[in-house]
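Some structures to go through are shown next.
You will see two complexes here that share subunit A, one where it goes with subunit B and one where it goes with subunit C.
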Partner chain A sequence: MTVHYVYGVLPVGQRPAELAEGPDGVDVQLVEGHGLAAAVSELPADRYGEEQFRTHAEDPLWLEKLATAHHRVLASIARHDDVVPLRMPTLCRSRQSVLELLDDRADVLKDALTSVSGRVEWGVKLYAESRPAEQQKVEATSGRDYLGQRMAQGRARDEERALRGDVVRACHEALCAVSVDAAVNAPQDPALSGRREPMVLNGAYLVTREDETDFLSVFDTQAVGPCREAGILAEITGPWPPYNFS
Partner chain B sequence: MSEYHVASDDIALVDLLDRVIGEGVVIGGDIVLSIAGVDLVYLGLRAVLAPAHVAGPSALRDEAL
Partner chain C sequence: MSESMRPYDGQDRSPYRTGGGNNPASLADVLERVLDKGVVIAGDIQIRLLDIELLTIKIRLLIASVDKAKEMGINWWESDPFVSAQALGDDDEDGAPRELQERVEVLESRLKDLDDGGRAKR
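What follows is the complex of A and B.
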């Protein structure tokens, strides 16, 4: 028994310049139909079938192996060619059902291919590096004085928070100006990222290949610098296949 | 342009799973092996990856700043 594991979808007739191996060194083949080509591996069902995914759905080590293979295949294609990533796992019963998938979803997949054509994804994460100063001890001469000092501290914290919000928004807007599309995702959980600083932006940007140098330069000049001054750490990842835009 | 990272040690697992499980075209229906069921199981992990209470267009998290 095998399953047909589908990584993503390409334009038909385009043999990708590079095509990495699937999990355990398994070949990746192109199944062509309905003006599209699916990148597919035939995998043993007893190792990578529906039941295995169910069993290991919350097993980070097992998922990492599969996610790495999934990404390796898509990244190898995306290095030179257009590809629409499918969510992991997309498992078909047979080659015939891969063709049915292409037929059923042809319009959606073709639209997605058009929108990612010649474009890649970059990720930008911003972390609030240090929290606003903790409430300082108030040495007051009177109740009125105490309240006044407390309120002044509160105003200072609000101003710092507002300033950081402005910097994060300005950074996102500057990156959007050199992108064709953007997605703001939920912040990653510190338990998984291992980062203690709160994530204040988890952005993904769809960038035309010709504009990548501009995008990176905007990140350096309009994100890293202003963020550092505001106590925000900026990190960039990529290029990624266009996971967020398909 | 910059090289694609393909080795897992170059990529944080959280970034990888964020995209590979959290994004991409979702295909459902009879063609695919009970994918909706698998997707449901993933909700547990995805909930950890992307807490719902902070999701949404304005994930510029004021409360964290």
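What follows is the complex of A and C.
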């Protein structure tokens, strides 16, 4: 018994220049039909079947292994070719039902392919560094004095926050100007990002392959520099398969 | 903290790289995309995975317990280049952990010394 695990969809008749292995070294095949090609692995049902998914639906270790394989396959294709990533997991009982899936959703998938054609995704995350208060702490001589100091500190904090907000917006707009589309995702929790500093932007940008150099240079000049001055850390990841734009 | 989570430093930053890179995609970034993005089309087997929010909480717990998992020997991700920067940085091309590699080198050089010594005597 096997299940057909679908990673993503490609234009038909195009053998990707690279195609990584699925989980446990299983082959990835192209199932072609209705003007589309699905990247599919036939996986043993006793390891990756419906029952296994139900049992492991809340098991991060098990899911991560599969998520990693899912990404590996899509990333290998997207390195040179167009691909529309499907959300994990997309499972079919047979090759025939993969073909039916392509038939049923041909319009949506073809539209998605058109919108990502020749484009990849870049991720930019900004983190607000905590900076020591710039003002010298002066011993308050009276209650009035103390309140005055507190208010001044509050104003300084508000100003810094406003400045950072402006820098983050300017940075995002500069990146948008060199991309076709952008998505702003919820900031990751420090436990996930691996950084203590709070994330203030979790952006994804759809960039035409020919414009990648421009995008990176805009990141270098219009994000990293101004951000550093404002106490913001800029991090870039990519190129990714167009997960956020499919 | 893994190397994959450090800030931009002008190094190669491509998550496509399968080897030799020093800044592969972080696990959190991969999960965020794979589980929460992409086209949703249901196959004839319908699976509802855990809500991404709940999964995130679980992953937080997992990250906290990674060291514990290692103790138990469930550390497949360490050898997976897409998950672990360490796997790329520390392992040889053939996947041998550096520590082992070094031990082999030490043993080989001792063997050579013994061999040379033996030859000199002859």
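Here, the second predicted complex is superposed on the first by the 237 of 246 C-alpha atoms of A that agree within 3 Å, B and C clash if a C-alpha of one lies under 4 Å from a C-alpha of the other, contacts with A are read in each partner's own complex, and residues count from 1 in each chain.
Operating definition for what follows: contacts are C-beta pairs under 8 Å (C-beta built on N, C-alpha and C of every residue); 3 or more make two chains touch, one makes a residue touch a chain.
In this text, all values refer to a predicted model and were calculated from it rather than measured experimentally.
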Determine, for the superposed arrangement built on subunit A, whether subunit B and subunit C clash or fit. clash
I'd like to know which partner A:L86 touches here: subunit B for first, subunit C for second, both or neither. both
Classify the contacts of A:A234 with the two partner chains as first (subunit B alone), second (subunit C alone), both, or neither. second
Kindly classify A:V224 by the partners it touches after superposition: subunit B alone (first), subunit C alone (second), both, or neither? second
Looking at the overlay, does A:V12 come into contact with subunit B only (first), subunit C only (second), both, or neither? neither
So the subunit A residues that subunit B and subunit C both touch are 3, 6, 8-9, 20, 49-50, 53-54, 57-58, 60, 63-64, 67-68, 70-72, 75-76, 78-79, 84-93, 97, 100-101, 104-105, 108-109, 112, 123, 185, 188-189, 191-194, 237-240, 243-244, 246
Residue numbers of subunit A touching subunit B in their complex, please. 3, 6, 8-9, 20, 49-50, 53-54, 57-58, 60, 63-64, 67-68, 70-72, 75-76, 78-79, 84-93, 97, 100-101, 104-105, 108-109, 112, 120, 123, 128, 161, 164-165, 168-169, 172, 184-189, 191-194, 198-202, 209, 212-213, 216, 237-240, 243-244, 246
Give every residue of subunit A touching subunit C within the complex, in rising order. 3-4, 6, 8-9, 20, 49-50, 53-54, 57-58, 60-61, 63-65, 67-68, 70-72, 75-76, 78-79, 84-93, 97-98, 100-101, 104-105, 108-109, 112, 123, 127, 185, 188-189, 191-195, 219, 224, 233-240, 243-244, 246
For the complex, which residues does subunit B have touching subunit A? 1-2, 4-6, 8, 11-27, 29, 31-35, 37-38, 41-42, 44-45, 48-52, 54-62, 64-65
Partner subunit A, residues of subunit C touching it in the complex: 1-2, 5-8, 13-16, 18, 23, 25-45, 47-50, 54-56, 58-64, 69, 74, 76-77, 80, 82-83
